[in-house]
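Labels run A, B, C and D following the written order; every chain starts at residue 1.
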Amino acid sequence: MIQKTVADVHQACHGVEDGMTLLLGGFGLCGIPENAIAELKRLNVRDLTCISNNAGVDDFGLGLLLQSRQISTMIASYVGENAEFERQMLSGELNVSLIPQGTLAQRCQAAQSGIPAFYTPAGYGTEVAQGKEVREFNGKMHVLEHAFDADFSFVKAWKGDTAGNLIFKGTARNFNPNMCGAATITVAEVEELVPAGTLDPNAIHIPGIFIQRIFQGAHYEKRIEQLTTRTKDHGAR
Amino acid sequence: MGLDKYQIAQRIAQEVKDGYYVNLGIGIPTLVANFVRQDIDVEFQSENGILGMGPFPFEGDEDADLINAGKQTITALPGAVFFDSAMSFSMIRGRHVDLTILGAMEVAQNGDIANWKIPGKMVKGMGGAMDLVASAERIIVAMTHTNKAGASKLLEACTLPLTGVGCVKKIVTDLAVIEVRNNAFHLVERAPGVSVAEIEAATEGQLIITGPVPEMIL
Amino acid sequence: MIQKTVADVHQACHGVEDGMTLLLGGFGLCGIPENAIAELKRLNVRDLTCISNNAGVDDFGLGLLLQSRQISTMIASYVGENAEFERQMLSGELNVSLIPQGTLAQRCQAAQSGIPAFYTPAGYGTEVAQGKEVREFNGKMHVLEHAFDADFSFVKAWKGDTAGNLIFKGTARNFNPNMCGAATITVAEVEELVPAGTLDPNAIHIPGIFIQRIFQGAHYEKRIEQLTTRTKDHGAR
Amino acid sequence: MGLDKYQIAQRIAQEVKDGYYVNLGIGIPTLVANFVRQDIDVEFQSENGILGMGPFPFEGDEDADLINAGKQTITALPGAVFFDSAMSFSMIRGRHVDLTILGAMEVAQNGDIANWKIPGKMVKGMGGAMDLVASAERIIVAMTHTNKAGASKLLEACTLPLTGVGCVKKIVTDLAVIEVRNNAFHLVERAPGVSVAEIEAATEGQLIITGPVPEMIL
């Protein structure tokens, strides 16, 4: 098997430069590439365009890179509660492009798949469609959207093998598989790295061909954004 | 006078039929799950990648890798399945999800909906709402009939930036159940104790009333 | 969970009528919906448009429906060795449309995903692109292709549960997952049907939402088209 | 005189580098796997849905659910992975596969290739060939230099219906290794014992010869 293992997060992030466009997996704080984000902060690469569904919280996730003003453009579907993000956006320091979540996912998928453009009904008739080609198919209007063009993709999986094959867990899967192979270099960090041949070939979510570098993250905080529980007697469905 | 948010959710739950896959938006829609009849089979989809979403976990059982689209910790029912975001929106865009329930700031009598942006205010983003409203065959809006300033949210035309065009078919508010068709609001039911006149007064867009309007049964 | 189980192949194929368009999974004879095909033959529905990567062999797979002249149009990427197919095609009885394999897969995927059309480089400059819109993206020419519009999709999985969740095995996966939810009604046949809740929710290839009917096939021949083996001393890689 | 099909495969195997994901077409290309150096890491992709394809199974070990794109029974190496057809062509169309090796009926000096259809004859279909040639950055054609009638298959322009335009970069035939660039064939190596004059005679398109042409080392 072709080996994709790198020693650590430092090697994994080699080549990330100022001004680059990055794809980052995760939904909220769930399934985000924690170790890569920490390393990007240490590297202090700047003027980044970050494409990710959300922008983290003030002191975790992409919020860490916002704190140090390393992001100049953020492309997301929902930016949530993040005071520093709001400040930078309102002051004009941060360029923000909000796009529909399904379009975000499909633009990743298109980049992975060599599909340069596709039509989607999402956003037709709204400001999202402004300046874009619209076209009717089957009596319904659609908007032409393009594949992303990114330099690095940072994803986080549950298990991975040395050949780069990945398995995700629960809803930490989200955008991660779609971003694999959607940039020039895809870096996967995993909670557990196993030898190639260990994973069931039938149960792998993303084949190693989409991954250039893989490493086992040194530590995962896996912070919960909205802890919600129920009591024993409350039977919410 | 008028329904509280739990009662709005309770009324909307009556629209959820056996065999439906349902996507619930944040806020009142989330509450709908609590009121769906227990004798029918319904599955809740959350667009971050789960079908067969269960209730919140018991304290201590929460899993950082198991959340809903509102980023809340949840559980998975037996028979649930996890998937990636592209597949999630294949379900939505491909019209495999049967019913979408979401909140709104404004709905127009032509079915336009605005629920994501107020110019001059901090914008959080549309999340999956634009995909949902552009694709779903059945969309129910859950909202109060008027805003905090008392102005109608059922308008001749939306004033806020749109989320989708001509897509809303039904609205359940604290005052009424309204159907949207032929470029008008049609009053179908009124909340217990709320008069037709009150609903008319709270509706800015064209409201069609045909015959006596029954009270909701909750 | 929403139940998708039907009693047998007869119920599973209810509603298939003359003149309909069908998607059928499988690659060669690997992973084909054997039981559904046998039932379609028994039903003697005619004038069918069949979309499938291949057309079976003379006495198995879609070849069975060709024998009884139930297929009027075949859309495939490769039709292989099938004498009856060749005869009907050359005599003009059978309408044949050959399309690139990746385009076939993506047109299924697009139908599943509510993407009405997409651009692909495959076939540009060839007769496949004739009459189609072509457009340049990133300095390269592409062809506009459309989602399929089919009445029934017949797929075959390894394991499935009563909620319609599916797991495929080995290369019998092929087009089957892409055809799920790509037609008005998707019928899945499985080698083993288990109660909902039995399968690992992390290892399901296709969620039940894409499936309308599921049944356990009464019998699987799983014929091998090209049996190739090596001897112990031949070390072919 | 000239290479046999095993020697063509042997020469092409030299083009397979460490770390390559390779798609092999039916025929001579399939043989290439047997000649790839054992000390480099290469993975073979078969477009029907496997990466990490191994050799044919031992008798009795064959599995109907495990075949290659030629419908032959195969094995999976440790670390292999199975996937669906859409993902398979994501690998191909998205340029994740590093090298495509396939046969051809004709190649033109501008890189056009024809390998799927002969008018008037039974057409089997293009399978994945159109996707492969439209997408791959590295395409090597494995074929005989002339057809059975003795006519050149390296032409000024293809006469048969095309599979792809301007995509072939390298050709390995029984007579020579040829690079395709600047609208011409460039003679890079000749088969052992084959003269430049023989290659010129067998090439209908423009053949550029720069300096002495080395013999292939097999």
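The rule is simple: a contact is a pair of C-beta atoms (placed from the backbone, for glycine too) under 8 Å apart; a residue touches a chain by one contact, two chains touch by 3 or more.
As the structure is a computational prediction, the values presented were derived from the model and not from experiment.
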| item | value |
| --- | --- |
| Relative to chain D, chain with the most remote C-alpha centre | B |
| Whole-Å gap between the CA centroids of chain A and chain C | 32 |
| Distance from the mean Cα position of chain D to that of chain B, given in whole angstrom | 56 |
| Between chain D and chain C, distance of the C-alpha-averaged centres to the nearest whole Å | 28 |
| For chain B, residues contacting two or more additional chains | 76, 82-83, 86, 89, 92-93, 135 |
| For chain C, residues that touch 2 or more chains besides their own | 106, 113-115, 120-121, 168-170, 202 |
| Category of the chain touch graph - line, ring, star, complete, other | other |
| Every chain pair in contact, whichever chains are involved | A-B, A-C, A-D, B-C, C-D |
| Chain B partner contacts - residues on chain A that touch it in the complex | 27-31, 53, 76-80, 86, 89-90, 98-106, 108-109, 120-128, 158, 168-178, 205, 222-232, 235-237 |
| Complex interface listing, chain B residues touching chain A | 33-34, 36, 38, 46-50, 54-74, 76, 82-86, 88-89, 92-93, 112, 122-131, 134-135, 161-166 |
| Residues of chain A that touch chain D when the two form their complex | 1-3, 111-115, 161-163, 165, 181, 196-197, 201-202, 204, 207-210 |
| Residues of chain A touching chain C in the complex | 106, 110, 113-121, 137-138, 140, 142, 146, 149, 167-170, 200, 202-203 |
| Residues of chain D that touch chain A when the two form their complex | 19-21, 41-43, 45, 51-52, 76-83, 86-87, 89-97, 135 |
